[in-house]
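This report refers to the structure that appears directly beneath it.
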Amino acid sequence: MTRASDDVIIKALARLLMPFIVAYALYVVMHGHHSPGGGFQGGVILAAGFVLLVVTHGLEQTRKRMSEKLAGVISSIGVFIYGGIGALCLILGGNYLDYGKLSKILLVTPAEARSLGILGVEIGVALAVMAVMYIIFFAIFTAGESPEDDGRAE
Amino acid sequence: MLVKDVISILFMLAGFFFFTTATLGLLRLPDFYARLHATGKGDTLAVLLSLVGLAVYHGFSLTSAKIVFIAVFMFLAQPTATHAISRAAFRCQIQPWTVAKGREK
Amino acid sequence: MTQFFLFVGVGMCALVLLCLYRATYGPTVLNRAAGISAIGTKTLIILLLMGVIYDRIDMFIDISMVYALLNFIGCVVLAKYLETTGEVSC
Amino acid sequence: MEVTLLLEATENAFRILQRAREHAVGVLDTAVEFTAEETRYCDEKRCRALFTGAQRKKTQIHNFVGTSIILFAFWMLLSGKFDAFHLGLGAICCTLVAYLFHDLLFANVRVGDMRIVTARFIAYIPWLIEQIVLANIHVASLVLRPKMPIDPQIIEFKTKLETDISCVTLANSITLTPGTITIDIKDGVYYVHALSQKVADDLNAGEMEDRVAHIFMEADHLYVQDVLDAARIYQTLRV
């Protein structure tokens, strides 16, 4: 899809900026409870970083770091983390996503448990959003023809 | 009024002046490539000057370090974005405006 | 001092309106891309000025960093798309 | 009569046998030589594979550690919270990112000459900023004059720079200096859009290219660091 053209400048810039973009996205996710941002925004920035990598370095380089299958697994894990924390609060006798009740199993005060619970939910949301955006972009970019599916289709 | 404020105001005004010239260039120049001259150079320096002005006003702290980081990022990214757009035009065989072409019209 | 930043911000908004002319009526899609890129850099400064005026610059600086990042990525992706499809004359 | 014939026949047979023996010895000798050659070749190949493997492993570890340290500094700049919980989160995140992207940040960089390159690059920046200010004054004077005196043209020139990063520095510097933007790079040929004849001539003089080549040490002692690295690794392998 992407030609092996010699776009040295954009490639080199993407190479330099890519680790910083991903680190910044993780910062947005992890500090969601006392600065703007949170799971959804952080996940979108993560996915934007991967989009930049696909556009500049081609599909193969990106597949080496994260394949579509792994992205599918990660999206399920993200939803599971979110739902799991909510259900755990239900089991411990509170409402759905009532983080204060988590203090019984985390052995901390309810305030700290609330902070940790929000952090966990945000990580789950970020993983799910990132993986789903990544899958959507791959489906558009390859026009639905993934080479991983070739063996099964025939 | 403090010395810091005066320096900050000077930087901001210089940045605003270069933003204005960049915008006028974007509107007035005759051709796509020539317009990129205005935005690619003008916006880089204007953002740099404005960010330095804000950092001076805010004083020395972690926030001004972040502002300097944005300045470095813009310094790298703005010429690259300009190059990306102009390369797309060049690969699609769009010819630049020349004086001879301007006279014909 | 706050008033000065307010005036600069208002002037910047006027410049954004001027750029919007290029982004709307630009003869081809490439001119629109250049105009939108210019609007992005001005918006970055407007966000920081808002942060100074509301005294919440530690919050607005994260937003403006994301804005700069997405402006750059959007520009590169748009250029790549136009280059691949070759539909630049509309 | 019969005895002489018999003697001659025996002598002939002996001579043939002798020749056959010499031939066989020759064949064996060449075979032995070939085998020795083969073994030496195999040894060399294995040695070289070991050497490159060790070198790659070493650069990978260097890259991983360097990326993690730089990202952790970046994280502390962003976070601004220095308690154990947030620093721990930062360490985990930075290690993860460095594991995923360790080959991106430092591709084609030798560790030894990093310091000189950084120092020269920092010395290059003030000149660049001066050029940017000149460029903006140029654009402003063009735009504010009612009749814009421009004569745009595309010029091409071939560069002598080799590595990616120096090409990128030259291209972005061209974009930021008065009257020129880089449009394309194809096989080392730069296509530059210039606003007037004068700036095009300035660019063809090649002052900036020499400066960039000086920063990334492309003109002088390019291969000294390679030789030093190789000598050190060979020594450790031999002991």
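Read from first to last, the chains carry the letters A, B, C and D; within each, the first residue is number 1.
Just so we're on the same page, a residue touches a chain if its C-beta (ideal position, glycine included) is under 8 Å from a C-beta of that chain, and two chains touch if they have at least 3 such contacts.
For clarity, every value in this text was computed on a predicted model and none was experimentally measured.
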- Item | B-D against A-B, pair bridged by the larger set of C-beta contacts | B-D
- From the C-alpha centre of subunit A to that of subunit D, how far is it in Å? 34
- Query: Can you give the whole-Å distance between the Cα centres of subunit B and subunit C?
  - Reply: 11
- Message: I need the residues of subunit B touching at least two other chains; which ones are they?
- Response: 22, 36, 46, 66, 69, 73, 76-77, 80, 82-84, 87, 89, 91
- Task: Pull out every residue in subunit D that's touching 2 or more other chains.
- Result: 78, 171-172, 182
- What are the residue numbers in subunit C that touch two or more other chains? 58, 65, 69, 76, 80
- Task: Make each chain a node and each touching pair an edge, then name the shape: line, ring, star, complete, other.
- Result: other
- Task: Enumerate the contact residues on subunit B facing subunit D in the complex.
- Result: 17-18, 21-22, 24-25, 28-31, 33-34, 36-38, 40-42, 44-46, 48, 62, 65-66, 69, 76, 79-80, 82-83, 86-87, 89-91, 96-99
- Enumerate the contact residues on subunit A facing subunit C in the complex. 2-3, 10, 14, 21, 24, 28, 35-37, 41, 45, 48, 51-52, 55-56
- Note on the structure: subunit A residues touching subunit B in their complex are 7, 9-10, 13, 16-17
- Query: What residues on subunit A touch subunit D, complex-wise?
  - Reply: 6-9, 11-13, 15-16, 18-20, 22-24, 26-27, 30-31, 65
- For the subunit B and subunit C complex, residues of the former touching the latter: 5, 9, 12, 15-16, 19-20, 22-23, 26-27, 32, 35-36, 39, 43, 46-47, 50-51, 54, 57-58, 63, 66-67, 69-70, 73-74, 77-78, 80-82, 84-85, 87-89, 91-92, 94
